[in-house]
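Same chain, two partners: chain A is paired with chain B first, then with chain C.
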Partner chain A sequence: MERDPELSSQSLVCTGCGCLCDDIEAEFEGSCVVSIGNACAKGATYLRSAYDPGRRARSLVRGREVPIDEAVEEATRLLSKASRPVVFGLDDSTIEAQVAGIELARKLGAVIDDASSFSFGSLIEGIVGGELPTCPLAEVRDNADLLVYWGSDPPHTHPRHISKFTYYAYTDWDPAGWYPRVTLSCVDVRETELCSMARKNFKVRPGSDRDFIRAVIGEAQDETGQAAAFLETVKQSKFCALFPGAGLVCSLGDDLACFKQMVHVLGQSTRVTVVPMIAESNMLGFNRSLHEQCGHVNQVSFASGVSRSTEYSFLAQVRNRTSDCVLVVGADPFSALPQSLLKNLQGTAVICLDPFVTATTMVAEVVIPTAVPGLEQGGSVMRVDGERLALANPAEGRYPTDVTILERITKRIA
Partner chain B sequence: MSTSAEGLSLVIIAHEDIYTSIARQREGLGAAYQERAATVVLSPAALGQLGLRDGDLIQLTGAAGTVVVKGTSDSAVEEGIGLMPISPYSNFLAGDDAVQGRMLNLRHIRVTARGAEGDVTPLSDLLVGWAHG
Partner chain C sequence: MAKKSLQPLEILRLLPRTNCKKCGCLTCYAFAFDLVARVKRPEDCPELLKEEAAESYRALKEMIGEGERIKGTDHILDSSKCTGCGDCVAVCNRALTTVTRSGHLMQREPVPPALKVIDGCLHVIEWSSCKRSVPGLDICNLCADKCPFGALELVKQEEDEED
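Our next item is the complex of A and B:
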């Protein structure tokens, strides 16, 4: 078939989830995408919705559509007069935007935090601090003979994880009768879609992951025999890759001591690696960027030098009604957090930078639309396994980038 | 079978659901998203205890609020458990017990379930009092 000369092809990195699939083939007519290849349903929807005007955020001040310059001006005014500003989010932004956000927080003397402080933060801290072993996903593929998805259901959160990086990505995988030399396994509180594909499933009661872990390391009674079976499965493997998801980190809270101990114990009989199943596209990038600058992965205040405390977590700031102005960048706390907590934000000025209409853009006093990373905005991002990827920007110029907006606000702050 | 006046105690596990995510990304917080988000999946026995059938409405009352969603059953779901997609519906039920210390645990929300009549709680009711314009 003859190719339309008006079309151009471009390889993209999809920023729709933490997989950051780097093999997306898109065809463009001018700056408009006309076909998307290799993406999952979630990624394709994400990229296509960038071209739906109804889905894109509009520049608003208290619900009134205004030129972007006016919205930036109002955001600057609100942040300048705030005595206790908070910068929150940046987990779906590029590393360049994260650095710009940190710089703005520093200049404002603000608190800066991201969603990791109420999800994967402790796990990431363990990885960044070297307490938990990790490795590139490329090393897992073909080498790990036991894949354990714990409290994670990739068909729903990271649709291409098992086909691009693990189970189905093994070189000798054969759809017509391949005998797997890798064991796919799940630990979960419910029967997930992945459980039906896994060879070994370990069921835990809701909220009892800690008891299960304690039983695995011999510190608690193994009432069902599941912990012993899990331990035996790991011991029989040569290389066990653990993929902890939101289900596990939510169950354990911020005390990961038992999980770290379990990884240490398991590591005495086999090689163990930990790669978190983070949903956000660049949470690890934010945590590493902040760590490089401040020595902490999240919950930092620049009010007086650099300090870190749980009181600087976004949840604590909201619960205690500490902040008088919140700048949300590429995050949607109004969809993600309990309503009972969000009530505390009434009366607080919320400024939101986002490419799309979200529950947060619907309630924010100021909304500034931004470019979609990897489509309209270049830069770099860090995948969950620590690999840094460069983003293309074939549709650049349709919307301002969050880097530009954050830098403009920073310059205007006295 | 009639619905018990005290209702049925359940633990809601809110989880990522790709269909709900796609509906939100495609159409925003509209009807398609509400259709996906305003659901709870129970064990067949639990639905039976409530005197309900697949597709009937269920009122869920948590520490922080009450919502009415559509109930369905799945034999893979254990008794005492309800599965909901993470959304403003599940978030509306969660009280401070879902915020353990500095962590968020939307996978262990205690609720009481009862049969309900009328309509699913409109999504707009869960965001009421906030929107500008």
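Our next item is the complex of A and C:
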């Protein structure tokens, strides 16, 4: 069959989730994507929605469609006159945009925070600060002999995590059983799809992950014998890779001391590595960028120098009605937060930079549409294991990038 | 969770067992085989559409699911369940490299991949590479067995279907 001369194919990095799969084969007709190979349903839907005009955000000021320059002007005006501005999000932006966002927050004397402050923040802080060992997923593959998914169900949250990076990515297989020579295991509160795949499952009661961890390190009684079995499994392995998910971090909250202690205890008998199952495409990039600049991963205020406090978390800012202007970049707090909290944002100017129509763009005073990272804008992103990847930009030019917008606002602010 | 393969006898229990031939099959048991192969649908049996058979009809629909045969292959895919995770592709790519002859595992001539995820859903891109297309190797069931969502099922095609 002859190939259509207008068709071109390009290799992409999917920015649909934290996996950042770098083997996506997209076929374009002109600048429009016609097929997306290798991407999971999540990634393919995300990349395809870039071509759905109904899904793309439009440049708006108080609901009225305006040219982008006018929206940028209005955003600059609102941020300049704000006395307690907050910059929130940037978890799905490129590292370059995150750096520009931090620079803008610094210039505004604003509070800056991201979704990690109510999810993986403490865990990432442990990893970035060197308290928790981590390593690239390429090192886990073929070397780790025990994979433990804790409070995460990758078939749903990170569909290609198992086939591309861990279990099925191993090259050493048992030819008779068609299983990789590695033990797949999970710790969860319920029967998940992963449980049916895993060789060893450890069940914990909802909210009792801390008790389970304390039983593993011998600080609490092991009533079910599950903790002892888990400890034995880890001790028998030579290299254990832990993949903590939202289930574990939500159960433990901000206090990860027991988890860190468990990793330390297990590390005395075997090599242990921790790779978080982050859903956002570049949360680790934001936390690392902020940490490099001011020594903290989130909840930072630039109002007087650099300070960090839980009262600078976005949730606390909304709960206490502290801020008078919120700049949301590539995040959707109006979908994620409960209505009881969101009513506190009444009277607060919300500026939103997002490629897509979201609940936040629907209520924001100013909406500035931006390019989709990895499709319409290049740059770099950081995978959950800390690997930095360069993004392609095959459909560049349709929308301004969030880097450009953030830099323009920064320049115009006196 | 891998989908439990459908058994014609289990399906027969839910059919009227009158052998009325209104569905075009000689017997209800033959109709059960056609349901497993997705050649027929429960709606093809007029007795099942009657009010008194509503319970059996509902149970049958649940058992058979929304899977549709990928044309020219043994693969029956429920695209509403497929997340494009690629587990089936990974195990298939591994299994394609070997064959079992007389109880011994041997290397197979290199073949292009049989499966690929396109637009977030599984596609059979090279049926001739699939072991099920090779006489003697057609018992391979790995891709369906390893699907975490039970989206895939493998049922031998009828000869007239292949044509």
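The rule is simple: the second predicted complex is superposed on the first by the 407 of 414 C-alpha atoms of A that agree within 3 Å, B and C clash if a C-alpha of one lies under 4 Å from a C-alpha of the other, contacts with A are read in each partner's own complex, and residues count from 1 in each chain.
Throughout what follows, a contact is a pair of C-beta atoms (placed from the backbone, for glycine too) under 8 Å apart; a residue touches a chain by one contact, two chains touch by 3 or more.
Just so you know, these numbers come straight off a predicted model, no measurement behind them.
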Handout entry: Overlay on chain A: chain C relative to chain B, clash or fit
Key = fit
Exercise for the section: Could you look at A:Arg160 and tell me whether it touches chain B, chain C, both or neither (first, second, both, neither)? Expected result: second
Exercise for the section: Using the touch definition from the top, say if A:Met197 reaches chain B (first), chain C (second), both or neither. Expected result: second
Exercise for the section: Tell me which partner A:Tyr168 touches in the superposition: chain B (first), chain C (second), both or neither. Expected result: second
Handout entry: First, second, both or neither for A:Ala246, with chain B first and chain C second
Key = first
Exercise for the section: Examine A:Ala41 and indicate which partner it touches, taking first as chain B and second as chain C; both and neither are also allowed. Expected result: both
Practice task
Please indicate which partner A:Met283 is in contact with in the superposed arrangement: first for chain B, second for chain C, both, or neither.
Solution key: neither
Problem - chain C versus chain B, contacts on chain A by residue - result: B
Exercise for the section: Have a look at where A:Ile351 lands relative to chain B and chain C in the superposition and call it first, second, both or neither. Expected result: neither
Practice task
Pick one for A:Ala316: touches chain B only (first), chain C only (second), both, or neither.
Solution key: first
Problem - Which of chain B and chain C A:Leu123 touches, first, second, both or neither - result: neither
Problem - Closest approach of chain C to chain B (Cα atoms, Å) - result: 8
Handout entry: Contact residues common to both interfaces of chain A (with chain B and with chain C)
Key = 41-42, 45, 48, 155-156, 159
Practice task
Would you tell me which residues of chain A are touching chain C in their complex?
Solution key: 35-45, 48, 155-156, 159-160, 162-164, 168-169, 173, 175-176, 178, 193-194, 196-197
Problem - Touching residues (chain side chain A, partner chain B) in the complex - result: 41-42, 45-46, 48-49, 52, 54-55, 60, 62-64, 117-119, 153, 155-157, 159, 189-191, 206-207, 246-247, 249-251, 253-254, 279, 299, 310, 313, 315-316, 319, 334-341, 346, 356-357, 359, 362-365
Exercise for the section: Write out the stretch or stretches of chain C touching chain A in their complex. Expected result: 1-2, 82-87, 89-91, 94-95, 98, 105, 116-121, 142, 146, 148-149
Fill in the blank from the handout: Residue set of chain B touching chain A in the complex reads 11, 13, 15-18, 21-22, 24-29, 63-65, 76-78, 81, 83, 86-88, 91-92, 94-96, 98-108, 126-127, 129-133
